[in-house]
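Each of the two complexes below includes subunit A, the first together with subunit B, the second together with subunit C.
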Partner chain A sequence: MSEFDASASRSAPIAFACPAPLPPGDQVLLGHGSGGRLSADLVRSLFHPAFGDPELARLGDAAVVDVEGTRLAFTTDGFVVQPAFFPGSDIGALAVNGTVNDLAVMGARPAFLSAAFILEEGFPTDDLGRIAESMGAACTTAGIRLVAADTKVVERGGADGIFIVTSGIGTLPEGVHLGPEHIEDGDVVIVSGPVGDHGVAVMSRRAGIDFEVDVGSDTAPLTELVDVMRTAGSVHCLRDATRGGVATVLNELAASAGVTITIDDEAVPVQDPVRAACETLGIDPLYVANEGVCVAMVGSDSSDAVVAAAREHPIGRQAVAIGRVESGPAAVHLRTGLGVTRPLLMLTADQLPRIC
Partner chain B sequence: MRFVDEYRDSDVARSLLARIRETASKKWTLMEVCGGQTHTLVRTGLDELLDDTVELVHGPGCPVCVTPLGVIDHALELARRPDVTLCSFGDMLRVPGSHDDLLRARAAGADVRVVYSPLDALEIARSEPDREVVFFAVGFETTAPANAMAVRRAADLGIGNFSVLVAHVLVPPAMVAILSAPGNRVQGFLAPGHVCTVMGWGEYEPITSGFGVPIVVTGFEPVDLLEGVAMTVEQLETGRADVENQYVRSVHEGGNATAREVVREVFEPCDRAWRGIGVLPQSGLRLRELFRHFDAAHRFPATGVAVEESERCIAGLVLQGRAKPDECPAFGRDCTPEHPLGAPMVSSEGACAAYHLAGRTPTTAPA
Partner chain C sequence: MSEFDASASRSAPIAFACPAPLPPGDQVLLGHGSGGRLSADLVRSLFHPAFGDPELARLGDAAVVDVEGTRLAFTTDGFVVQPAFFPGSDIGALAVNGTVNDLAVMGARPAFLSAAFILEEGFPTDDLGRIAESMGAACTTAGIRLVAADTKVVERGGADGIFIVTSGIGTLPEGVHLGPEHIEDGDVVIVSGPVGDHGVAVMSRRAGIDFEVDVGSDTAPLTELVDVMRTAGSVHCLRDATRGGVATVLNELAASAGVTITIDDEAVPVQDPVRAACETLGIDPLYVANEGVCVAMVGSDSSDAVVAAAREHPIGRQAVAIGRVESGPAAVHLRTGLGVTRPLLMLTADQLPRIC
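On to the complex of A and B.
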């Protein structure tokens, strides 16, 4: 045991110790792909000025375009998940469902899909076969036709196994108008299922983490569930809570709609294995990616009916109201179990695991 | 979830809040030492709920925050060497060095890998014998046993391409420095539960007797923190200054004997610089002579020039509990998680990051 002598220990002066700020980045960082604030900055400062299309600038899950009197929803998405196979699913099913869901949450009926495969030299053809079969099955389940595809192969080291890019087109039924501009004061915030399953399932198999967790990816097409919810009540806006999780989606919606959203921390459904994994890794399930969960803004008159209807559907069994929309400055708040309310911010980049 | 839910129970928390209010005859100033404790307090808003009876000031217990700039620059220098694979816990990657951080170095081609255990870094060294694998060993007493174990195993297995860049620090000397500094306001401590799980609480008894301040070993959940505060306030109100243990489900008086033994075998105490505080005598750990060839600082001496730090960041005051993050003129304006001026804004355990994540920017911070 060591003894401490107060008189002998160091006293002031204090050396202030911090480095100068880093200059704005001149290269792409992983955080630019996290779906957080760095991603948003990149889109706003680099892509928008170059492309400039007002429909793109709406930043919806899918663009809504008019082709000779027919309203179409159109979207594209790249899939780079690593590893390509993870508990509950694989990159193929994910590439189908991710794009299908971007269409579904616009209220569209998914119709056609394209897929581009970027393969690294040496990737096992058996694995590619399994992925292709999985995609085919996912298309059948989602009721979408994969009608165009492309394959490219790059040298070993030029990609990480397999990347898939899918684009999708869906038709928008007459009278369906979903989007942040339709969010109203008093709307109830509903999540369609427990959050964080997909992200945790993938992380549990990532090199360097590998832990046993009894949870699989939730990847699933949301089309039917969205139909059921829309039929049951006045759904104003839907979002697929993928990259960045529920917290990021809520922040995007609050910003687009110019409203304050307050959610109740204890109401958010999180499965026990996901909670345990998030506790261990030091991350917040509200920011973890989902692939079969949507966030809905629903008129308060029919929110109970929408939740009840969602619960009748297999992937909506744990649907629940978690918060409410109020007029006010664009912000998201979280009310803790102790009744304290604090802002729920967008993350800058990836959540970093704690070190002790 | 067992061992978590019962320590987040709102009813229990409210009754503890009432107990603290009943006990306190005046407003006391306590320091929670560990950054994990700071984050729970700020996330749940406990510090605001307690504000009428107890002021909580945030301690230096964030290993990323107190790692000196020079060491981070050294890590960057190592990472840029073509023969080196630098392995680190994730938090260190965004901490800015003088001109760069490890994330940017990685984007520019450096081989920087995030690991969750130093043993994973050792495994990389074993499986990639052509690489010089360096593990960035930061942290308090909590991470020292695993780092010591990795070095000992490297020695046992004869893995010559593995080394550690050591920046280990110890909690008790920092507490002594805080209590000894002019202008100290801390009247009692919530000691870090995880550090004490390893080390036990014997080291804190000379501090309670020498300085007359109570120290309560405390856990990390809301109920833990409130109970720790209640126990500390009860000591202060009755004029006692003892070491007490709130975190009984994890901490024993002697700590973890096996962990302490491997730390003692591999490391020895040394003087160490703390970012924002300065050099504190016998406040760090370094590899013993027998293991010196696993010391990355010895194997690859730093060649960079001395570094200068910003005068605007008040990390030093924040780390000593002498200022709150939102009292810094740069907080939330020039210093954000996107562009941190100082380490406390970067780490998941830094006090400034805790305030920022909880939305306490200058515009929303309570007056």
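On to the complex of A and C.
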């Protein structure tokens, strides 16, 4: 199956004939880790029946659990980005910020982080040291304490350099309730910054592609920006637009909330070098991973105030409204510059595997 | 460097000329993931300076953190065991019980679990399904809720089948304070069951070794057993004897507490097939990983009661006192059947890599 199905679908808006999920004797595909439709199939048909916890089934960026009367957000994320060092950042900072952001978009205050390293024998200790320092610095910036860690090493060829899994605990202040169930008819869709930077930065150093592009990963903790936006107006739901990009997040939210979301293609901020790189690679920036960009669903009365507030923050300077929520069947539409409206579908698999 | 250094040292008790830790240009070795001396070097010389958190530096089985007045235990562990299925269990149950036990030996009540999967493209989905079901069943048995998960897939050759990282949160009841700082002169050392079962069970199916042995992994949640033991007497410190086995745990505790621990070799329970397998492989069962055995340091007044109580529990039936704590330099001694006392040193690396 092509990894470009969904891009193709934008010019030929025909619903996918989705492959039958996980027949016996089947094998795990790269797309099962994409965050797209195959990932969702794997979760729904294999993990949920086995694990069965309702909080897991809610599919939030982080679980919300009660511990002796305190609401905690709890999340985990694996990082397998290749290469481990890329313009603007590395796997270490990414692993910290990725988990911090999963907590932040729940409205939680990131508190404690764990990190598990799986290393390939022969991985340079200098590189490991740089990655660890990068993680330490990212923890300091994000105000989270790395309190638990583990290291495993597998033999040469048993892993691809370094994998990092981080898990995070955050505290949820009273009265903070964000999620797709709070999305309302008429909500304005805001993105907090230009899309596609992270994915393009990583791809620019990918073995076999390697091109020069004047763009770095956007990896950053979203906690402060989320605070600023929530203080300024009625933010109903937030997601960080990582694997699968803004388009995948919007599809997940439309499905969870049972609403129609319409996006104005020309309003979506994309930096020129990112747009050029995407055109060269034949991919769509709306599906490219970001690591410091969130999508917010905001009540229409205060959406201007939320955008204005976000723009005062260093990583929100290009925040902008890109669309609107309406009651209707669960779907995401894209209005193009020509005034044509097309479905913006969920990808079956990845455009860019191993981007985070 | 030989992976059998420490075994050799038992017949030639000369202190290690430890390799200089992590010179520039060095590479990660299998031993850096062993839980032995090389692991400790990596943590001390690379991770701690980069991360710097005092709770991390305490090197407990789990971090103990305060969240709005509630004490939580928080831990993470990576599982890279090869093969993924072995006599008595599989990587899934191991990944659940391993993290549950890191919480249990702190005296915490396991509450919430996360799981991150790193899969190799082509991994059979049937195997993944069996592993997920095994995890679900282990969670039910251990009374922990799996509330957060993530899946990443890397291309063929980018990982060795399946790796799982679990992280766990437990609540620490008031008044529960276990740790090496509570170990006292005169404490009795208890092991809760026969040692070496897990490591030998895994090795018996290892490619290139493959032998028949009538022993399965001992993987099991220790929570109930720990409760029973703590209720029966003055348990000062607990550790589950995983990577590096009982000998490594004792060395870590002796170093942390600054005490001398003397073990009676003949008192250590080892099942006959495990002993036979270890003799065949030339390894020492005291250094072989266990996944359902804990080491307890117990006040001498109540040690008989603790052993008796443990023996009432299904996984503690062979609990036994194996040694004693004395004030003195940080060291572990082994008294052999001939009455000779020898140092029981920490391994530099693994006898058996990728055992958990």
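What we mean here is this: the second predicted complex is superposed on the first by the 326 of 356 C-alpha atoms of A that agree within 3 Å, B and C clash if a C-alpha of one lies under 4 Å from a C-alpha of the other, contacts with A are read in each partner's own complex, and residues count from 1 in each chain.
Note that in this section contacts are C-beta pairs under 8 Å (C-beta built on N, C-alpha and C of every residue); 3 or more make two chains touch, one makes a residue touch a chain.
Quick caveat, the model's predicted, so the values are computed rather than measured.
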item	value
Touching partner for A:V28 - first (subunit B), second (subunit C), both, neither	both
Touched partner set for A:G136, first subunit B, second subunit C, both or neither	second
Subunit B versus subunit C as contact partner of A:T336, first or second or both or neither	first
Partner contacting more residues of subunit A (subunit B vs subunit C)	C
First, second, both or neither for A:V147, with subunit B first and subunit C second	second
Partner chain(s) touched by A:L94 [first = subunit B, second = subunit C, both, neither]	neither
Which of subunit B and subunit C A:E279 touches, first, second, both or neither	first
Partner chain(s) touched by A:L345 [first = subunit B, second = subunit C, both, neither]	first
Shared contact residues on subunit A - subunit B and subunit C	22, 24-25, 27-31, 353-354
Residue numbers on subunit C that touch subunit A, as the complex places them	22, 24-34, 39, 42-43, 46-47, 50-53, 55-56, 62-63, 65, 67-68, 70, 72, 74-80, 82, 111-112, 114-126, 128-129, 132-133, 135-136, 139, 145-155, 157-160, 163, 165, 167, 169, 171, 353-354
List of subunit B residues in touch with subunit A within their complex	1, 4, 8, 10, 13-14, 36, 43-46, 48-49, 63-64, 68-69, 89-94, 96-101, 103-104, 107-108, 113-116, 120, 138-140, 142-143, 172-173, 176-177, 179-183, 194, 202-203, 205-207, 210-211, 222, 269, 275-282, 307-317, 320, 334-343, 347-349, 356-359, 364
Interfacial residue positions of subunit A with respect to subunit B in the complex	1-6, 9-12, 14-22, 24-25, 27-31, 37-38, 41, 208-209, 272, 275-276, 279, 282, 336-345, 348, 351-356
